[in-house]
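Chain IDs A, B, C, D, E and F follow the sequence of writing; residue 1 opens each chain.
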Amino acid sequence: MPDLGKYGDTVLSAYGVSIALLIVLVGLSLWRGRRVRSALAEVEERAKRNG
Amino acid sequence: MSLWEYANPRKFLTTSERLLPWFWGLAGLCLVAGLIWGFFFTPDEARQGATVKIIYLHVPAAMLAINAWIMMLVASLIWLVRRHHVSALAARAAAPIGAVMTLIALITGAIWGQPMWGTWWEWDPRLTSFLILFLFYLGYIALWQAIDNPDTAADLTSVLCLVGTVFALLSRYAVNFWNQGLHQGASLSLDKEEHVANVFYLPLLVCIAGFILLFVALVLYRTGTEIRARRMAALLARERAGA
Amino acid sequence: MTLSVTDLAITRGGLPVLEGLSFALPAGQAMVVRGPNGIGKTTLLRTLAGLQPPLRGQISGNEDTIAYAGHADGIKPTLTVRENLSFWASVFGLKDITRALLAYDLGELSERAAGTLSAGQKRRLGLSRLLVTGRPIWVLDEPTVSLDKNAVEMFANAVHTHLAVGGAALIATHIDLGLEAELLDVTPFRAKPAPLDDFDGVFL
Amino acid sequence: MIALLLRDLKLAFRAGGGFGLGLAFFLIVTVLVPLSVGPQTSLLALISPGILWLGALLANLLSLDRLLALDWEDGSLDLLATAPLPLEVALGIKAFAHWLTTGLPLVLAAPVLGVLLNLPTAGVSWVVISLLLGTPALSVIGTFGAALTVGLKRGGLLLSLLVLPLYVPTLIFGAEVSRRGAVGMDVTTPLLMLAGITAAAVALLPYASAAVLRVNLR
Amino acid sequence: MIALLLRDLKLAFRAGGGFGLGLAFFLIVTVLVPLSVGPQTSLLALISPGILWLGALLANLLSLDRLLALDWEDGSLDLLATAPLPLEVALGIKAFAHWLTTGLPLVLAAPVLGVLLNLPTAGVSWVVISLLLGTPALSVIGTFGAALTVGLKRGGLLLSLLVLPLYVPTLIFGAEVSRRGAVGMDVTTPLLMLAGITAAAVALLPYASAAVLRVNLR
Amino acid sequence: MTLSVTDLAITRGGLPVLEGLSFALPAGQAMVVRGPNGIGKTTLLRTLAGLQPPLRGQISGNEDTIAYAGHADGIKPTLTVRENLSFWASVFGLKDITRALLAYDLGELSERAAGTLSAGQKRRLGLSRLLVTGRPIWVLDEPTVSLDKNAVEMFANAVHTHLAVGGAALIATHIDLGLEAELLDVTPFRAKPAPLDDFDGVFL
């Protein structure tokens, strides 16, 4: 851990918030991607069955 | 072979599927390397102390916030002129990423401003125009969500993006006129290339590369999701029409 | 002044509803569009009126020649019958509305605010608008909804007069109007869904 | 053309047409400001030019909801789109009618409401001039927003979200003119910018409005 | 009862439900204020408590349009009125759902927006407390206004006119609490008044709302 | 549990539309209300459901016993079929919605957002709501609009079952439902306009 001096809180909170936001963005994208992919597979399957 | 072939959804999906692992991997690599380098292995700057480390998040995010909008503008134009569905969906996929990048730039900037300017927020032109850009992102996303018919939504959001760009530029100019702020001066020491020592510059470049790669990976992935959602909606509509 | 349509395909809500439709409507003729609920009659008429682009195919003779009347009449409740009609007349560059008032027996009602009319009277006002457009081709979507016997006859007379002076009319309806008109049953043109794996470029 | 203008004016003045509601809203917002920021006259005098602009802008915004939605609901827009009048012209006229029934009354009311907010006398004429120059742009931009959201159920709040950021340049220059005018500074640059924005918006935006409206009519 | 609450929350969160739009509007108004009154931080700090209250109030106001009108249009209100749930209770719950989806987010966003307006740190907690106490009253009063105007076509502006005067007492005491809090003065009296108004409004107004809604349903 | 009406007079838009109406609907019975457009059928049913007060006359047996279904179905497009139905079930204090889903063959659709249903499917959902109210008297305004043959049969079956367990139903309709029901033609009860000089206190 580098010595951040009196700016420890500042720097750490900036990193914390930014990384958290990035993780949320990536996480939500992956989560929705998975859901849509499986839902589409289901619909596609049904469509094939019904001709 | 023409570039427009990738405007075919299926072709796009298979190609992006092949490329995505590379982009995810490289993005992760650059981000981790750049941020660790910047956070642990760069010295403090004389005037700004440790806060200079925020630059590795703030500047790439700010760059992408603007460039994501430009990408949406280009994609919207392609949709309006050539009617390639993939490009409209790519614009849709990019908007939330741009919004988050804007938010990161705003938040890190605000946190940085506290020690540097002694205030969280200042109605500086660059800051203000970023806030306005954020509003444009919000409006764009809200319009996509409000409209059921996907083609209608694509048309309307594309025109909004076009008109919005003009007004965003106007706002930028207006805000500049309205208040000459702090940001330029404060960042001048890093702006001029001779002042940006290589110790800060190189990790910054790696971080910027990481953010760009992450953006590309996210856009490719999310566009894939949008294509599938669109395909699913079409299949469901067909089912309904058949039933 | 013939309205002609070749190999037309139209979509609604992103899905094709009719395809392969061709017909011609020469001056002096009326044509009745038939088909079950939801087949796409309204969509067809809106496409002909230029309100939405066709998916494929050509339409010719529909530029500035069509007067369209849909489900909604575009009547302002706070304006009087005369004001409503004069407005549309001047939009189409005409002045005289007495013929329109006469044809649908609106003379007595002409100073009433349109909001106080009954549904059938409103509809008569909506139809009389066609007479102040001066357009040769009438494209009408279920024009006789909520009209009583008497009013249906007024409508049939108006169409007759219009045809006699070289106009044409395309009418989607479920009932018999007592007009001698060609029949266009659109049921056989229902769009066949594209094969499932045909997933290139568009999502239809 | 003149017929459409007259019709829209008539509709606004007849019962239920909403003429005067925008004015009343402007009045209320102006009254609410002293209630919320406190009654110190010196403070009010400082912020009054800006608040008048903000109030006019919000009043304008709220009246946009009726600009096209009623014509959409009763089918008039379908008929207008198939009429010989080009849709661009029709929308330009509707925007003009909106300005006559909403923007102009706000301009005329501003001096009176300025009194409530302790607007310095030197500022009155500049507030009026800037509003006179700026409100047409607000109507035209608002028409674009209304055309974008016309097919949506109860899209009022979304309309605000889309339109308000577009109002920003007009607001900045307009308020700048009023503020500088109130303290006797030079107003040439912002005044020219304001006029330029209005002219450009009036000349170009109806095309965009007509384009999105056609999409919505499909 | 809980079913109605859950349904309203679900509807607000689903696509097109408008959740978040009120928040975005609040943000925009907050941004527009410095753009119109100028960027001097000292001035902004003075007016920020009041402006936050005014912005929250307007955001609240604009979301009222959807509160009952959609249920009216699709016939849900008819069916609710004939259900065993008393209409008073149903309207109380709808007001509560409105507060949860509009008022509460505004309260939570106020500190962040306070930063934009240079709200003094001492004032933040009082702004939040006063909004927390006051916004329920805004929702209940707004429900009354929505019930009054529910049968009208595009009655948004009229709704604003009817409701804003009713908001005045809440605004006065709420803004007073925030302003006094920001400068470290005693806030007991306005805080008690605010709490009293909210309590009375929440307890009594649903009866009035139900009464006027019954009239409108005839 | 008999719904009975004595000498009822009702108004719409400030004018009396029906007057002097009396009838009784005992448990286990269905009654069909007939009459031309605009005579006041909808107004009558809304009065019985308690949505508006009568001008004169008594109604008894309508407190907390009536399930009303009008032209609009109160369906939320963004909720699924199941969510829509469960909501109304819990408003009426019931839990089980499977019977309702079965009766109108909604099983397959139960997870679809109601906004994506066709008009007829929506109507089926609206009618299935009656089965989760647990109320004995159904008051229905043109229940079979936009239903196809098959669905009309489902509806007739649902009404039969309801009558068999002691319920009652009052139905305004223009078509033949295949139910054995008493007929109530309201045409003779059209309100006569008050004499012009009868201008005392009220403006009717």
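Here is the rule we use: a contact is a pair of C-beta atoms (placed from the backbone, for glycine too) under 8 Å apart; a residue touches a chain by one contact, two chains touch by 3 or more.
Given the structure is predicted, the values throughout are model-derived calculations rather than measurements.
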item: Touching chain A and also chain E, the following chains; value: B
item: Relative to chain E, chain with the most remote C-alpha centre; value: C
item: Most widely separated chain from chain F, with each centre as the mean of CA atoms; value: B
item: CA centroid of chain D to CA centroid of chain F, Å; value: 47
item: Averaged-CA centre spacing for the pair chain E and chain B, given as whole angstrom; value: 33
item: Whole-Å gap separating chain A and chain B, where each centre is the average of the chain's CA atoms; value: 15
item: For chain B paired with chain F, centre-to-centre distance based on mean C-alpha positions, whole Å; value: 55
item: For chain C, residues contacting two or more additional chains; value: none
item: Multi-partner residues of chain E (at least 2 other chains); value: 15-16, 21, 24, 28, 35, 73
item: Interface hub residues of chain B, defined as touching at least two other chains; value: 132, 135, 138-139, 142, 146, 175, 178, 231, 236-238, 242
item: Touch list for chain F against partner chain E, complex; value: 46, 49-53, 64, 66-76, 78-79, 83, 86-88, 90-93, 129, 133
item: List of chain B residues in touch with chain D within their complex; value: 132, 135-136, 138-139, 142-143, 146-147, 152, 155-156, 159-160, 162-164, 167-168, 170-171, 173-175, 177-178
item: Residues of chain E touching chain F in the complex; value: 2-4, 7, 10-11, 14-17, 71, 73-76, 78-85, 217-218
item: Residues of chain A defined as touching chain B within the complex; value: 1-8, 10-11, 13-15, 17-18, 21-22, 24-26, 29-30, 32-33, 36-37, 39-40, 43-44, 46-47, 50
item: Residue ranges of chain B in contact with chain C within the complex; value: 7-11, 84-85, 149-151, 230-231, 233-234, 237-238, 241-242
